[in-house]
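One structure, pasted below without further comment.
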Amino acid sequence: MARTIKTDFLARVEGEGAMRVVIRDRKVADVELRIYEPPRFFEAFLRGRSYLEAPDITARICGICPVAYQMSACNAMEDACGVTVDGPLRDLRRLLYCGEWIESHALHVFLLHAPDFLGYDGAPAMARDHPKVVEDGLALKKAGNEIMRVVGGREIHPVNVRVGGFYKAPSPRELRELVEPLQRAREIALDTVRLAASLPMPELELDYELLALSSPGEYPIDRGRLRSSSGLDFGVDEFQDHVVEEHVERSNALHATLDGRVYLTGPIARFNLAFDELSPLAKEAAAEAGLAPPSANPFRSIVIRSVEMVYACDEALRLIGAYDEPERPFVETPPRAGVGSGATEAPRGTLWHRYELDGEGTILDAKIVPPTSQNQKAIEGDLYRFVERHVDLPDDELGLRCEQAIRNHDPCISCATHFLQLEVDRA
Amino acid sequence: MAEVASAYLPEPFRIRRRRRETADTWTIELEPTTGGELFGFEPGQFTMVYAFGAGEVPISISGDPGRRDRLVHTIRVAGPTTRSICGVKRGGVLGIRGPYGTAWPVEGAKGGDLVVAAGGIGLAPLRPAVYAALARRSDFGRVAILYGGRSPDQLLYLGELDRWQAAGADVHLTVDRADEGWDGPVGVVTTLIDRADFDPARTTALVCGPELMMRFTAAGLVAAGVAPERVFVSMERNMKCALGQCGRCQFGPVFVCGDGPVFAYDRIADLLTVPEL
Amino acid sequence: MAARRKKLAVWKFASCDGCQLSLLDCEDELLALAGELEISHFLEASSAVAPGPYDLSLVEGSITTPEDAERIQRVRRASKKLVTIGACATAGGIQALRNFADVEAFTSVVYATPQYISTLETSTPISAHVPVDFELHGCPVNKHQLLEVLNAFLNDRRPAIPGYSVCIECKRRGNVCVMVAHGTPCLGPVTHAGCGALCPAYHRGCFGCFGPMESPNTVSLTREWLKLGAGERDVRRAFRTFNANAEPFKTAADG
Amino acid sequence: MKLLEQPALDDLLGGLADRGYRLVGPTVADGAIVYDEIRSAADLPAGWTDEQDAGRYRLKRRDDDALFGYAVGPQSWKRLLHPPSVSLFRARRNGEGELQIEPETEEAEPIAFVGVRSCDLHAIAKLDRIFLGGRYVDAAYEARRGRIFVVAVNCGVAGGTCFCVSMGTGPRATFGYDVVLTELLEDGRRGYLADAASERGAELLESLAAREATPEEVAEGDRIVERTADSMGRRLDTAGLPELLAGSRDHPRWEDVAERCLTCGNCTMVCPTCFCTTIEDVTDLTGSEAERRQVWDSCFTIDFTYLHGGGGVRSTPKSRYRHWLTHKLGTWHSQFGESGCVGCGRCITWCPAGIDITEEAAALREEAP
């Protein structure tokens, strides 16, 4: 007997995808995460555009993590122009990025993922029984959005980011107004770590390689070299020597491997690889939640995300405290012919860009590897192992758990098409 | 502390009766929720009617200026605000401020003939003038009412038209499109000018309807020998304040809200011919 | 007041999810909204799906595949009122840049095996496929405007979403004009208001993310851009971005 | 007439602050001299000037440190007297049977307008006629207007787009102020001729360490203002303008300007006398509370003349520009007995397409069909 468990429209993920699991004779025959979100061809139409347009154009790949796109694009362009952005401008970027981490993680933890653990179909339903949880989540999310609004101009597709820095630097007074809401947000984030740690956790161990940026003395967000759990250590410009993307029929997204192996980027990777760089408060919160590297249960990613929110609040407050309004809001980036690559840590994993420019700064070639296509094989691996262990669960329950397992990685389908439906087939 | 906008504040009025005139037009009778007498008004004046949350629009008073116990409006559903207003049931409350604007010169027409020419909803602003004239019927010579509508089922106040006729008015009706029951003339209001009996030399004419209808009717009356300064029309322009302060109702040099809505034709005849003024 | 809660559905076509996220970004109003409306279909927020008909459908994204061209017909049939949200749904979005190029070439640039991809040659706005009751501009939409549209539809009134230029908002906000005072080319004069003149407030020229305003004079603005030293290529790029397929911008880019 | 040396100017501003006024005056921000909150003379644009031409404004350094050596800024005092957005009232309803109207209240703030030019004094007087002098009084405007203290400045330089001389509105301040200053610059020394036109103005000047001005200083002040009058950036022949415009409704020039006009509305927003507004109704989600707001509007929008069924009366850009210019220079006369333009030049400078009202009016005159 074969049975198929499938979900045609995966809810509470960003974008459109489906999932299908085929079980034959109580063995998993096939799992697939199918991305049917229509392709949008960003890499193609970036060709012929100005290097200065890349941050605004690539932001439109994803409304959930536009800052990640803007930052990776800026890094790549600055690399191509041979310019480094440092000091207060770099701090401002990191601050803006903290805003996106808080916003995106809060959205995922409270509105998308928590309902799985608590047995609701969505946050509005969950809010009826757990109003405080949802209200806290929204307050946390709002604090992240406030950073985006003040530093970036608006929450989605900020307008203030440019190659070389910003169009306008916020005044210290504007930033100080963020302090109080962030302090409250940090308290909520600490509560969130406790709440997340108390949720019923299905068992699952992952065994693939982890990959994240790494930069000495800081938790990876906006720059660094790439380091993996197996000890790989390479520069952003060497990304394509290690990561290979292939196109599979069922998907409008590409699937990536790291030196031929399945691997994972994102909060789990960052936490395990860069735990030491978390702020003392974030480490404490993790310890209190019983979380320490190595942490290999992907279901616990919700706890890790919560810890990262504590960190992001901490880091944002630190950056605001140390802020000195820069003399100029950007550094000049005269274009030059060549290739530049850039990578940053989007909330859901490493986002890599590479551009080839001509002497006038016109983009000749663009390559973007989003976190979700890197994680897709790992997500399917999780599904495979999860279904294998729980093959006797009824279809409904199994389906729900599979969706939850997918959400562990906060896949962003809009990003990957440049990615979901669940289907379980039990013959 | 100053109230920001005393002049902008509507008074709450309660609907005590409403009547469906046609498929999309209602006549409502209102009284101040605080009780007391209605403000005095002259025929041709309008108020600003506020429907909660939807908006506020100029609406002519269509009731009898001799009666101080109720405010009467006849409103055609033209968009969201008028739909909202017409949707409020008996007992419901609307905001009212006014009255505003200039009046039909009913007094000034005394001693001569009076022609009232209306198209469609345009009869509503003229009704107070008809009431006023018929109340003092003997002060006037002939009183002719020329009224045209798109089709018979769109004519307002049909029952009343008969009473007006009985009270000594000479009522002529026409429609653009006849239906089975219609045996009257078919055509635009201007065609009624020839049918009516009045002495142009001593006639005052009050005209209200769509702008194009007013232009042609006024021109027709003048051609028939009525002095241009004795022909009056009522203009419509976008209007938000009715206080002469929002600037929107300018029609060339005049503000429709205060210099109008009722204008002597000779004052604005040339403006009426300028496109997009 | 309505005894029955009105049913709201949110649909996604080709897009970045940003416009529907704007709804979730209404942190202060979200729970009230969920109370006033029955959120019947909103996959990004809930896996609970109630069947139509829906009183109001918000549609994000453009039509880029044959399947979506059929799906939008079903959405329209199930919706009493249909409001498109964002540049993708109202103008085809940035993915409409394919309308100006060879899709097969595009597909092969991004995907190793283009034959796996099923896609139309064009990205078209929702209004090219079904009647639309209201179009809300922006890439992304402004959340206050989104709330205003929801409010207006709930209260059956005209949404206060003016079609004039960004300049009017710019001056109300008290910005110093970047075009006149800094010589920075700005699309504000031909761009639909709604963002609150964000870019000029951040010392950059508007890049037209809200699409064309009610009476855009792109010819005159292009002339002014050239006087400020912008090249024709800059003008073409500016008009050919997030609202490339909106007629006035399309014409302007063609020069 | 008094003469204030530099420190006394600080005392003048300090004195106003002591008397409870918030100080608003010219200051450099975002690449322009704007009217914004100032605390002392140190916030004034010392040594800055502006270069203004059609569609162009640039800040420039002067070779001295004059505090008032520039023309008018992008936005006028209208912003403070007739703000871009004002809440009129809130309404509440309980079902259909009850409607409560709650007037919005506003505490008008005492503000000292520092550095008001003559053209803007005339502009304020025109706003007064509209909001105070007609059939209805705008109570909020009246309250705001009643609490300002005006420190005028006689213009020491004319801007590239100024034409107050043509409009008879400057450059010397003749009314509408409490105190008027003329900046004297000699041998790197700054001094300010100061005269009061109100009791409180005189009282303020008395409280300052100032001496009587010498006749030479007064004469120097006159010369400065005359020099300004002689160096207007623009001129406008106003003879018979209302009649000219009334007769020019079919003039081909309107087509010509419509080809350039962006209908963006900038001219109306920056004009110190443009007063038009619209109303926005907002409701809360539950439909039990509503608010009405008055916001600046522009005759360049289609909605401005919207009539049900027909769309905008002025649907073409040509008719919108024609309305604007004709109202400013022509029909304002029949409405208010004077011109609606004070020659400040803002609409010329801040038009992104550089359309020049003086040039358009001249063309209508010269190319009369």
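Labels A, B, C and D are assigned to the chains in the order they are written; within every chain, residues are numbered from 1.
Everything below uses one rule, namely that a contact is a pair of C-beta atoms (placed from the backbone, for glycine too) under 8 Å apart; a residue touches a chain by one contact, two chains touch by 3 or more.
In this text, all values refer to a predicted model and were calculated from it rather than measured experimentally.
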item: Closest chain to the centre of mass proxy, which here is the mean CA position; value: C
item: Chain centre separation (subunit C, subunit D; CA means) in Å; value: 36
item: Centre-of-Cα separation between subunit B and subunit A, whole angstrom; value: 65
item: Geometric centre distance via CA averages, subunit D-subunit B, whole Å; value: 40
item: Whole-Å gap separating subunit A and subunit C, where each centre is the average of the chain's CA atoms; value: 25
item: Of all residues in subunit A, the ones touching two or more other chains; value: none
item: Where subunit B touches two or more other chains, by residue; value: 53-55, 79
item: Junction residues of subunit C - those touching two or more other chains; value: 155, 157, 203
item: Overall pattern in which the protein chains touch one another (line/ring/star/complete/other); value: other
item: Chain-chain contacts as defined at top; value: A-C, B-C, B-D, C-D
item: Subunit C-touching residues of subunit D, taken from the complex the two chains share; value: 29-32, 34, 55-59, 74-75, 79, 84-85, 95, 259-266, 269-270, 280-288, 295-296, 298, 300-303, 317, 349-354
item: Residue ranges of subunit C touching subunit D (in the complex, touch as defined); value: 1, 29, 32-33, 36, 147-148, 150-152, 154-155, 157, 160, 162-165, 167-168, 171-177, 179-183, 186, 188-190, 203, 214-215, 217, 219-221, 223-224
item: Contacting residues of subunit B [partner subunit C, same complex]; value: 53-55, 79-81, 83-84
item: Sites on subunit A touched by subunit C in the complex; value: 9-16, 37-45, 47, 49-50, 53, 56-57, 60-64, 66, 107, 111, 115, 121-125, 127, 131, 134-135, 138-139, 141-142, 145, 153-157, 159-160, 162, 166-168, 245-249, 251-252, 254, 329, 403, 414, 418
item: Partner subunit B, residues of subunit C touching it in the complex; value: 155-158
